[in-house]
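Below, each structure is written out as structure tokens.
In the two complexes that follow, chain A is the common piece, with chain B as its partner first and chain C second.
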Partner chain A sequence: MNDLLTVENLNVDFLSGLMRVEAVRNVSFTVAPSEILGIVGESGSGKSVSCRAVLGLLPGHARVNGRIIYDGKDLGAMSANELSLTRGRDISMIFQNPSSHLDPLMTIGDHVAEPLHYHFGLDKKNARIKALELLDVVKIQNPEQRYTAYPHELSGGMKQRVLIASALACQPRMLLADEPTTALDVTVQASILELLKSLNRDHGLSMIFVSHDLGVIAEICDRVVVMRGGEIVEQGSVNQVVGNPQHEYTRLLIGSQPGRLDSYNQPSHEGHALLEIEQLSVRFNDKGGLGTLLGGRSRAVNALDNININIRSGETFGIVGESGSGKSTIARAVVRLIEATSGAIVFQGKLVGDLKGLDLVEYRRQVQMIFQNPYDSLNPRASVRQTIAEPIWRHGLATQQDANERAIELMAMVELSENLANRRPRQLSGGQCQRVAIARALALSPRLLIADEVTSALDVTIQAQVLKLLARLKDSQDLTIIYISHDLAVVRKFCDRVAVLRHGKLIETGLTDKVFDQPANDYTRTLIDAAPELDSALLNAAAL
Partner chain B sequence: MQQLAYIGRRLIQLIPVLIGISIISFLLVKLSPGDPIRLLLGPRATDDAVAAVRITYGLDEPLLKQYFIYLGNLLAGDLGRSLRYRIPVSDLIVQFLPRTLFLIAYVMSLTLPLTIGLAIVAARHQGRWLDQVIRIFSILGMTIPVFWLAVLMARYFGAELGWFPVSGWGSGFMSHLHHLFLPALSTSLWLIPLLVRNLRGALIEQMESDYVVASRAKGLPESYIFRRHILRNSLLPTLHLLGVMIAFLVGGSVIVEIVYAVPGLGALMVGSVIGRDFYVVQGLTLVYAIGTVLVTLTVDMLTAVIDPRTSA
Partner chain C sequence: MTDVATFTPQRSTVPSAGKLEIIIGSAIIVTWLAMALGAQWIAPYDPNTISLMDILKGPSLAHPFGTDHLGRDVLSRVIFGARIDIWMGFIGVLAPLVIGVTIGLVSGYFGGFIDTFMMRLVDVTVAFPFFILVIAIVGVLGPGLSNYFIALALVAWVAYARLIRAEVLVLKRAEFIDAARALGYSHRAILLRHILPNSLGPIVIYAWTDAVLVILAGASLGFLGLGAQPPTAEWGVMISDGQPYVIQAWWICFFPGLAAVTLGLGLILVSDGMSRRMRIVQ
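And now, the complex of A and B:
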């Protein structure tokens, strides 16, 4: 068999201070023509580094060893000049965050035209004609009009299409895709995956598809490489690896996929109403001050439009939606980080908007929030124990001394070892930080816990642990949880009832199983179909 | 289209700023100690004579009415008469302004190429000896006061070596260049380090940005990536700093103009303040303020042209 790309014994280390830190060890894999190879792994597994090493895109302080053979040519032995002739022409690459990978000062047309100019020597006019064709191939509507648009005028999905068009401009035979859909909404992700699949099918484009999401990998890849801690743990066809994992870590990874988790939802729950959101609207006005007064455009955004939700005591209520749907705005309105423009929020019979002084403090004690990024929401200078104890004595519930002792109990409750008590956030992993944030929220014995994308920044194996912890705490602490997430698979397993939001409007609400199995609204169905899921992806692959 | 709308908006916003400037320059004379009429008529004028002149100048009117008269005169281009030179202030400014503008343009033509060159060299050799040398000279340049450097250079290159004249501004373009070389250079030497440090920082930040990696992945040559992507994105913050510095120079030229006896606005300003030439001071204040506003406006417009996001 003639492989298009062969990577043999790839080792990469980075100079960090005086130390050399190994990032990739003894990695070997091959990609056949027209094949899509998946590389799956969690953060720090070395999947991106391996990918960048192939194209020589690592920063100067990286040391790369090993053989990288593309179509008989040894990329590792090439001079910088020869390598830049190979890039874009033979192998190209697309990246995770399309916004930051496009020059904000260059039109999208020029982004696509510039490699044509450099590799093929096309003049401006011909490069433009070719670039327009490419924009059409990646399904940018009205390419003529969009040609002179700047990146900030496009949506995330559009930007990724532009990035793909500019990477494929010179018809490379291989594309390295480094988490190309991770920053995108699920429906957009589905369309980008479809585009990549069609490029593979129609043009025979080989691909290395790097992702942390096994569901996405199963959807698009033929074979998969599982990486962990800079090493390859296992590789083989997707069916074989998922169906019959040989390595313990692979089994853990597969078992942590949201679709394979135990279901925590208890749809029969009938508690009294704890929180009622009635006709809630939030408008953001762009207060331009003098500028608006003097002819500037004033913009008002309807972040939330007439939302009605009842949350019952003791249930887990999911709020799902894509970016900009207003799901976080609900949470912020409930804890009064922002004020409602109209409508009412009623907590245990009291109007939240009217609370003042001590009543407001008491309300905020009973309603606690956990945020997406655990590092950003913890004070970097405070130790774990101080972080957890602070709200207790600040609210006057105990003396500082007692609060410190209570903090240790709370650490045990969220399964944090006591000897982490004096660590600072940067000495902890993401999962540990999120546990600290949960313990801090529970320190005040709240009635209602609002979890805003709490597992989105975590690896799947850690996500599985945190979800399990939250489910256990919910029962033992008699909590009501509002779980906000873009991840439908997680919501399905975790929440009793669910509300679907889009552009600030409530699309559908109901029991989770019912909404997922028989969605009443087309948008809900689109959203569910678009969400990548390991088992359904495998079934689809088998059917083909 | 968007950019035109933005520039239009920006121009409308100027109106309140200009009104503010006119009020302040008007009050400046009203609030400063001393009576311009007494100064005009001399110490031996009788009270009756003073009162009579006061009426002819309209100074007995209520303050608000005086302001509107002043505003009307301004719009007609009348800034009053100099008490000292006995000619209209506007004529005086028209006579002195070109020299200062010439000096500023000279400073800029020395500063810009050197700044861009040095910043690029420093950024490309980040952390290596060439970068360190540039850094050390930058710190030196920032810490040495302009007036001291000016005096020193006038002594050495002017008096000792006799290469350059140490005063005046000559006649004819080449002679201007020759005369103003030392003043321009000593100002540049203070300006360049600030701008180099700013641009170097921006360049290094942009060199590490994601779109540079993406450009490399497309196989674009390094020199092109640097020129077309990195440099352009880095220039914006430095452009803003430059705007502030030029605005500062309009007033800041005073020191060099005095040291090198260049008959520019700065020299005129100092002379008028000392000679209590009220209306000249008032007129110059107005010119400085409008100069600053124009520079900021130009920078904003340039930014709008370079960066499509600002006008969105």
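And now, the complex of A and C:
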């Protein structure tokens, strides 16, 4: 078979100080015409580096070895000039964060017309006609109107469509997609995947699709390469690799997919009400600023609109929603990082909004929060031990010395080895940092733990470990957990009851299994259908 | 404990960046410090002994930097002068730094009326040229070193307040500050333990540069007769003293000037090296 792209024995290393760090070792793969090859792996597996090496898009201190043959041409032997003529014309690339890959001072139309001008020398008028066609192909509504819009006027999904349109402008035969849907909401992700699939089907576009999400890979790819630590551990057709994994790591990766996790969901929970949220509304006022001075109207945003939720003692309550749904706002209102505009939050019979001074401090002892980004939520200058011990002595529960000893016990509880006690957050992995944050939250023996997207920044295998840890701690520490996530598969496995939020409104709430199996609301159904699921993707593939 | 196996420590990509500047700079500063501290042993003569026999002698073995119009040994005066000038740089930076950091922290963290008030005060202060304002204040209070320090404290804090406020505005939106609030820490604990240590970086770098400015400004004030008073051996005063004789006896002005330049160079090098290192870490 005549392959479109052949990569043989690719090695990439980076100069780091006086040392060379190997990023990719002996990677070989091929892509056939109109085939979609997936590269899946966790952070640091070398998947993005392998993909970027194809187009020579690595930073200057990278050294690339190996043969990269595209359509009979050796890309590795090309001069920088020849290579830049190949980019965009023969092979294009799209990236993870569409916002940072679009020039904020260029209109949408110019983004798409520019490669036509550069590669084909089209004049302004013809480039515009062609660009409008392309915007139509990527299903941007009213391309005529959008043509003069600037990137900030578009949503994330729209921006990714623009990026795809400009990547496809010169009709390349191959598209490299580096985590193109990772920064997008599930419903938007589903539409982008649909678009990429249709481009593959209708135009015979070949693709390398890099992702950390096996569910997405299974949905869109024909074949898959599994990478770990810079090496390929396994490759083959998606059905073969997922259905009958040969390598131990592939099995671990598949077993860590949320859909395959053990279920911690215990629907028959009868506890008394611990936290009641009644008619909670939060409005953000865009106060002051130059705009108001110049006569612009001050805008108010309804972040939360009339939310009613009861959380029972001992349960795990999930809150799901896409970005901007207000799910984090609930968490921040509950711990009083922001004030409610109206409505009430009642914790064990006390009105949270009225707490002051020592009462508020005591409330904060009982209600703890863990944040999304494990690196950002720890003081970069404090050691692990200091971070975990600080709440204990600040709340006067022990002397500083006793608190330090207690910190070591807490580290053991979250399965952190004692010899990490003097490390700073920068010297820890993401999973370790999140364990530190969990230990710090548990240091005060809280009743209620609010976990806000705590596993979103982690690799799936680490996510599986952290979820297991949380489930164990919930039982042993008698915790009630509010689990906030955009990931429906995780929520389904982890939470007893669930609330679905959209644009600050409560759409639906109920037992997790019931909401997922028989959603009462159309939006909930759309959300569930949009979430990529390994097993359903395989079923669909088998049906075809 | 599977995470431990995959852990790789993160190091800056260019570990030696800025190191050379810091080493040379600190060497210069340490040399001057040693001279200032050991002046009475190092200096060959008493800095204030007048010797009418030796008036305006050029550099020689007996007087390597020559003598001034009163026959005082210029080398000894330069060495003793280091005491005054380094002390001036130290206090002249420390006082505004403490005031500026305190105001900047409070202003940035709490915002609102305090912030508006303080920042308008900063605007007003910045609107005047630095030197004119310092000279005006010293003029009102009367000449002398301690009044120079008071003038500096009143004028120079604004830069520190602005720098630290900008850092605090960014930091207070960081997740670990939210985390600290959610943990029930007091404002004081958050400010001192979590915000202050993380916002000091740019301040420290600026302080080294500021020290140069303060020393040169102090020397200029000495030259104008508003700083240290004669017969104190201070570099600015010495240059001022030597000015009438600059044609026949260039060494009276040249060597104190050279001293000020080398000390300034040392400070600038350290500041430069530190900012380069910091950029890498970030």
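Here is the rule we go by: the second predicted complex is superposed on the first by the 539 of 544 C-alpha atoms of A that agree within 3 Å, B and C clash if a C-alpha of one lies under 4 Å from a C-alpha of the other, contacts with A are read in each partner's own complex, and residues count from 1 in each chain.
Throughout what follows, contacts are C-beta pairs under 8 Å (C-beta built on N, C-alpha and C of every residue); 3 or more make two chains touch, one makes a residue touch a chain.
The model shown is predicted, which means the values in this text are computed figures rather than measured ones.
Chain B and chain C, once both complexes are superposed via chain A, fit side by side.
When the two complexes are overlaid on their common chain A, residue A:304 makes contact with neither chain B nor chain C.
Of the two partner chains, chain B is the only one that A:95 touches; chain C does not reach it. Of the two partner chains placed by the overlay, only chain C lies in contact with A:444; chain B stays clear of it.
Residue contacts after overlaying the shared chain place A:491 against neither chain B nor chain C.
Of the two partner chains placed around the shared chain by superposition, chain B is the only one that A:150 touches, whereas chain C remains out of contact.
In the superposed model, A:432 makes contact with chain C only, not with chain B.
Aligning both complexes on chain A leaves chain B and chain C separated at their closest CA atoms by 10 Å. Put simply, chain A uses no single residue to touch chain B in one complex and chain C in the other. Listing the residues of chain A that touch chain B in their complex gives 55, 57, 59, 80, 84-89, 92-93, 95, 97, 100-106, 114-115, 118-119, 150, 152-153, 163, 166-167, 169-170, 176, 290-291, 294-296. Residues 8-9, 12-13, 15-16, 208-211, 213-222, 224, 228-229, 232-233, 306-309, 312 of chain B are the ones touching chain A in the complex.
Chain contact summary for the complex, chain C toward chain A: residues 1-4, 6-7, 9-15, 174-176, 178-186, 189, 193-194, 197-198. Across the interface of their complex, chain C is touched by residues 15-17, 44, 61, 229, 332, 335, 337, 360-365, 367-369, 371-373, 376-381, 390-391, 394-395, 415-417, 420, 426-429, 431-432, 437, 440, 444, 461-462, 465 of chain A.
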